[in-house]
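Comments concern the structure below.
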Amino acid sequence: MTDIVLEARHITKAFPGVVANDDVSLSLHRGEILALLGENGAGKSTLMNVVYGLYRADQGEILIEGEPVQLSSPRDAIRLGIGMVHQHFQLVQPMTVTENILLGSEITLGRTPFLDFEAGRQRVRELSVRYGLSVNPDDVIEHIPVGVQQRVEILKALYRQARILILDEPTAVLTPQEIQDLFRVMRELARGGHSIIFITHKLREVLEVAHRIVAMRQGRVVGESLPESSTQATLAEMMVGRKVILQVPKGPAHADQVVLEVRDLSMSATRGGVALKDVSLEVHAGEILGVAGVQGNGQTELVEAITGLRHVQSGAISMNGSNVTAWSPRQRSSMGMAYIPEDRHRFGMVGSYSVAENLVLNTYHLEPYSRRGVRDDAAIRDHAEQLVQAFDIRTPTVDTAAGSLSGGNQQKLVVARELGREVSLLVASQPTRGVDVGSIEFIHRQIVAQRDRGIAVLLVSAELDEILTLSDRIAVLYEGEIIATVEASQATREQLGLLMAGVRAPLNA
Amino acid sequence: AGGGTAKEGLKIGLVTDVGRVNDRTFNQSAWEGVQDAAAELGVEAKYIETKAATDYLDNIRQFAEEDYDVIVTVGYALGEATLEMAAEYPETMFIGVDQFQAETVANVAGLVFREDQAGYLAGVLAASLTQTDTIGGVFGTDLIPAVVAFREGYELGAKSVKPDINIISAYHPGEIAQAFTDPEWGAATAAQAIDGGADVIFAAGGQTGNGALEETATHEGFYCIGVDTDQWDTLPGAHPCLVASAVKTVRKGVYELIMSVADGTFEGGQVYGEAGLSDFHDFADKLPEELKTKLAEIAQGLVDGSLSTGYGQ
Amino acid sequence: MADPLDQRTRFSRWLVRLAHPLVSPALALVTAFAVGAVTMLLSGDNPLTAYWGLLQGAFGGLDALSRTLRTATPYILTGLSVAFAFKAGLFNIGASGQFLMGTAASVAVGVLVKGVPAFIHLPLALLAGFAGGALWGAIPGVLKVWRGAHEVITTIMLNYIASLFTSWLVYAGGTQGQQPGPLSDPAAAAQGISQTGTILPTAKLPELLPDVLTRVHWGLVIALVAVPVIWWILKRSTFGFEVRTVGENMSAARYAGMRVNWTIVLSMAIAGGLAGLAGTVECLGLHGRFAPEFTGSAGFEGITVALLGRTEPVGVLLSAVFMGGLYGGAAKMQFESGVRSEIIQVVQALVLVMVAAPELVRVVYRMRARRSEEDTAESKLATGWGG
Amino acid sequence: MAPVETTARRASAGVLRRRWITAGLTLLLLAIVILVDRTSLGDGPLGILFGIGVLRFTLRAAVPLIFGALSGILCERSGIINIGIEGMMLAGAFGAFAVKSHTGQLPLPLSLALSTLSACAMGSAMGYLHALLSIRFRMNQIISGTAIIVLATGLSTYLFDPDWLSRGKFSDIAIPVLARIPVIGEVLFTNGLLTYLALAMAIALHFLLFRSRWGLRTRAIGEHPRAADTMGVNVNRWRYINTTIGGAVAALGGAFLVLEAVGQFKESMTAGRGFISLAAMIFGNWSPLGALGASTLFGYTQALQNQLLLSGITRVPRFFISMLPYVTTIVVLASVVGRTRAPAAEGEVYETE
């Protein structure tokens, strides 16, 4: 059957301590969009890295167009027309879009070693026009939003004339609009004879765009189905192996007195960021205020201002009535502010530290973990044991290095630390990014539980579904301004989508 | 202790200052002196090369414990350690090169030199040779007395010939450990002095000075004056410019002191070695006769005390 | 489901703990000395007599042992200095400058403060020494947090400045219209000799066991005490936790509410203090005065010591004694065998390589390769300039 | 996307402004220098500041720093930290001298050529060793660099025999027309081969780094090796190549000291120049022209303090005058340059499973 462009047979790949892929077989047809589902650590990225020649499989073989091939490095994959957009963007931050796209397959001025930037730019423009992936060839990556970076990643593959495209969690950081654009591009490519493997944790997307769906669990392929004959529920069950409640049960909010109040907050843009303009908002005890918005419209700035990681130029932040604008992060957290940061790898934890140490990362100086400047390891470990139990963090021991946990579990660790103590305000930023449905369900339950215990929750997320399922009220942030605040009950995906894109539709606030 | 009877089968040891026994500085001269004596007496001689100032004491002790009869310690920096060891081992004779003796110790002879006199002669020579009335000097460090004496003598000597002569000279700017081992600084500074108009360069500062001498040699028609030993023998690279060297006869001094131990005439205290101008070698016939005689007279005057450099008074 | 995995990882970790710290370094030493021997053979020296002499000089008899310990004393402290900075993610090339400033401060107290009893004078001098170094160490810390000036540059520059400054302090002057330095001893200056007066007996560090060891002073004890103290600070104190977190992941430290800037400055100050203490005990215990010949070279050795000790306090102690032995024995080796003592440095470099690259030893001895935590434990200091 | 483009523009505008400022300052300096040399201005303090002697010393002191810094850039831009410059330089100096002193009988140019080659060979050996240790054996790069220094110091001292003597060195070559330009001709266009090489190399490397295929790949593997790898760039191969070449370049600094500046070798004669180059590299923010500028600044401050010493300033103790270069560096670093940015992936081992 010649129309199978890519086939993986009996792939096995083990890492110290983990069998990431265990006798996995998979085939991809010409012009097909194949969705690959699976929990964190299921082995999706590993399998794709094997196909792309980044990892060498311990066993098994890969066939392209029916021919067995040796994939000992990405060079081979590229030669064979395979392109991959990695889960963690593979872009060189300080370089321009053009430089990133040319890298590895450079256009030079004749025989000279020098690059022909003009030709490069030209090529990039052509491609971006042809596939409707608009980018500015001369922008420096670190200055452009993730949505655009995503396009650059795809252009990199197309520039190399990839016929087989692997997209590993491409939508994790995109807005509804951007996601729709991406799907449009994917469909066009498929129509044009490209074949696409599409990894995501978002079941809605799978049903929307995929032609065929394969699910993995613990390194094995555990099921296959077609979108016509599937629902989100069946897919979730197929990948997790049990029924998953996708819609976390959530009663009406009993909003109480104001816990967090932000008034006329302004700050100018830092490198690669945006400015905040007169942002004002209130979060009441027992309610969840969702801040919707496309990545890079000021969420990071807003959250860091509230948590004290950034100085504000003007405006005031007060918590439980007292003005905390000038307070240090520590003062705020000791006042009962919990913070789940958006980038767990950078802020949330210290990879080389044990799970136990990470669980006291911001309380290590308090009794009982520390007495008069002396650490009490016993107390720290007890605390850890409890939280690992309570929050079901999958780790060999509490002494395991946190960096070696799966992404989902790393996230649970952070959540456990922040919710495992008495707080009155929870600031949660992208709490479920890149986390599988199982973990999402768990984290969402926790957040709602906190609300019902009368804690004020500020939820910042680019994930519309997340915003819609959890929030009681929704504020939309666009280019550093809150352009609308709506009751969750009255909000619709479409409205919000438009607002997030900056379209100020008249809304009943 | 002290002198007393003649000794048979003398054991001679030498401890260098930071450096090596063939590093073309007074370490080498002293070691040559030791070897001369050893050859003469037909005995063995050993040396220890000091790596760091903190090792002086240990290195001397090394010999003392193996009960050597004569231990030569080279450099003023070893003075203190030498005295300490001398007190601990009264039977051992110590010869301290460049070590000024505040008070006489029976088993320590401080072999010192009037560097200012050698420098003075160099100054006279330089001042008489210069066409530009500008002379240069590149020196090790003013943290070591001998070097200061050379420089002061040099400038006094020069002024004695041309009172308002222009002298551009500098000490090495770095720490003492580097002052004598930075030929590139010496070379660059010599070049800088030449750019500044100097046409005679006096270099006193071990390897640093050697750098200056060889640099000067690469410029056409400039003169340079070496230091410590007759550098004509040790630094062929400098021949094109090397008129003479302001020498301290360390080799001879050490040799004689060791022999005095051998024949039992050794006396502790200050011992002055000869310091003066070396032979002119290839420049001998290029130099005007009256200059040579003048230098000879001055040298004589300095020795018999009828003439003084004016340094240290 | 994960149980078998846990078992395996636990077992291998146990193996690593047991085997690695002993086997690997042992083989490392053997290999290093072997290669050193080859080098000697190639250049026509006899390694056997050389190493025998080295052993004699390092540990053969009390005198040798004393010398080894004496040499090791400052290495322990400068090694701790560099190691501590590394823990905070800082590369302290400035130990030698801090060494000198500490020395100068302590000697100033030791010489100028008169008429106080030893039990005040000595601690005062030690304190001054620590403070001098700490101050000099804090400067790059402040420059880093306040202006983002990279500590590698500033510490290098401050080394030069320190050596010039301390030279000036004791400078005899008198010629070229130059004034003598504030600490220079008039008597010596009269002879043009640049050095301080002798430290008063009340400020001198007494010898440890005068009739057993030669000139080994209480500085050794001070250094030995510093080891557990630093270990304790790093491993058991909350401040140590902050230091390591800042070193591992500055953003996380900020997020966790730690005072990052303060921690950096304080860490540099402590590192500087330790280096200063090294110079202090050298002068109060050994030289009895300060003179320009006493350079801060022990500060540079501190880098090697720290790296050889894998930046762990106990490791620092071991590597310091080891290097003390190498240098202590070097002179004896050359004396006995006539082999140039510089070969020691070659051996030292080889040891450093072998100890620091377990992978290399593994390859040499065909050991089964394995990934283990303690390889990543070093990852911090590997990330270099940080920025 | 509007705000984004503007930030991007802002960045490039900053670059442009910096270029104009540099150009302006350079012209101003040239003007002063010529005036000082031609007019009576030179007799005053300006003579000390901008005299020929100072300028020539500046260049001379800068050359080894330039080579050192370029070596650092080659390694670190590709992600390998190079603390070992000092060692590589020293190895180069020794390598040059060992051959030079044993080829005295050959015609000078030949012997010089051989010596330079041997210097580069020594340096590349050191560079390759560094790469091998840090890539193949996953050794901490700072340790490996330190080991290189200790090793080079030890070996060169152990093997060096002071009785070896070398005669003759690279002599100044006046570049036909240019050399006749007042002052500039004397300073810039009347030099030894290695000096020209240093200047040429700095400029060439700058263009290669930012305009060539090699440069693009080098910068990429230093910033984000994984990204480069996924685009089919062989990360470790380039790291080996760059680090090895880097060793050779550092060695040229040593060769300059032995073959062009001094003419002889001396134990640890690099005297910390390797470390200063490290500073120059960081100071120049890992860009070749930046490093050229930084090295020149360091050279100039040294020249200046020397000139002050020579001109017999006696009011200030000489020790404080000699602090000039180091104080300047710190002050400039703290005030003007501010934060520099190291290649992001520096010091990290890159492996694929």
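For clarity, chains are labelled A, B, C and D in written order, and residue numbers in each chain start from 1.
We take it that a contact is a pair of C-beta atoms (placed from the backbone, for glycine too) under 8 Å apart; a residue touches a chain by one contact, two chains touch by 3 or more.
Given the structure is predicted, the values throughout are model-derived calculations rather than measurements.
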- Does C-D or A-C have the larger number of C-beta pairs in contact? C-D
- Intercentroid distance (Cα basis), subunit D paired with subunit C, Å: 29
- Item | For subunit A paired with subunit B, centre-to-centre distance based on mean C-alpha positions, whole Å | 76
- Query: Taking each chain's centre as the mean position of its Cα atoms, how many Å separate subunit A from subunit C?
  - Reply: 46
- In whole angstrom, the CA-centroid distance of subunit B from subunit C equals 36
- Message: Counting only residues that touch at least two other chains, what does the list for subunit C look like?
- Response: 160, 164, 167, 171, 176, 178, 379
- Would you pick out the residues of subunit A that each touch at least 2 other chains? none
- Message: Please output the residue numbers of subunit B that touch at least 2 other chains, ranges allowed.
- Response: 142, 173-174
- Contacting chain pairs, sorted by label, are A-C, A-D, B-C, B-D, C-D
- Item | Contact footprint of subunit D on subunit A as seen in their complex | 13, 15, 52, 54-56, 73-75, 78, 84, 86, 90-95, 99-100, 102-106, 108, 113-115, 136, 138-140, 143-145, 148, 156, 269, 271-272, 274, 479
- Query: Can you list the subunit C residues touching subunit B in their complex?
  - Reply: 63, 67, 160, 163-164, 167, 171-172, 175-176, 178, 191-194, 215, 282, 286-287, 291-295, 297, 327, 330-332, 334-335, 341
- Note on the structure: Touching subunit D in the complex, subunit C uses residues 39, 43, 91, 93, 143, 146-150, 152-154, 156-158, 160-161, 164-165, 167-168, 171, 173, 176-179, 181, 303-304, 307, 340, 342-350, 352-353, 356-357, 359-360, 363, 375, 378-379, 381-387
- Item | subunit C partner contacts - residues on subunit D that touch it in the complex | 81, 133, 136-144, 146-148, 150-151, 153-155, 157-159, 272, 275-276, 278-279, 282-283, 312, 314, 317-320, 322-323, 325-327, 329-330, 333-335, 337-342, 346-349
- In the complex with subunit A, residue positions of subunit D that touch it: 1, 3-5, 7-8, 11-12, 207-208, 211-214, 216-217, 219-220, 223-224, 226-234, 341, 344, 352-353
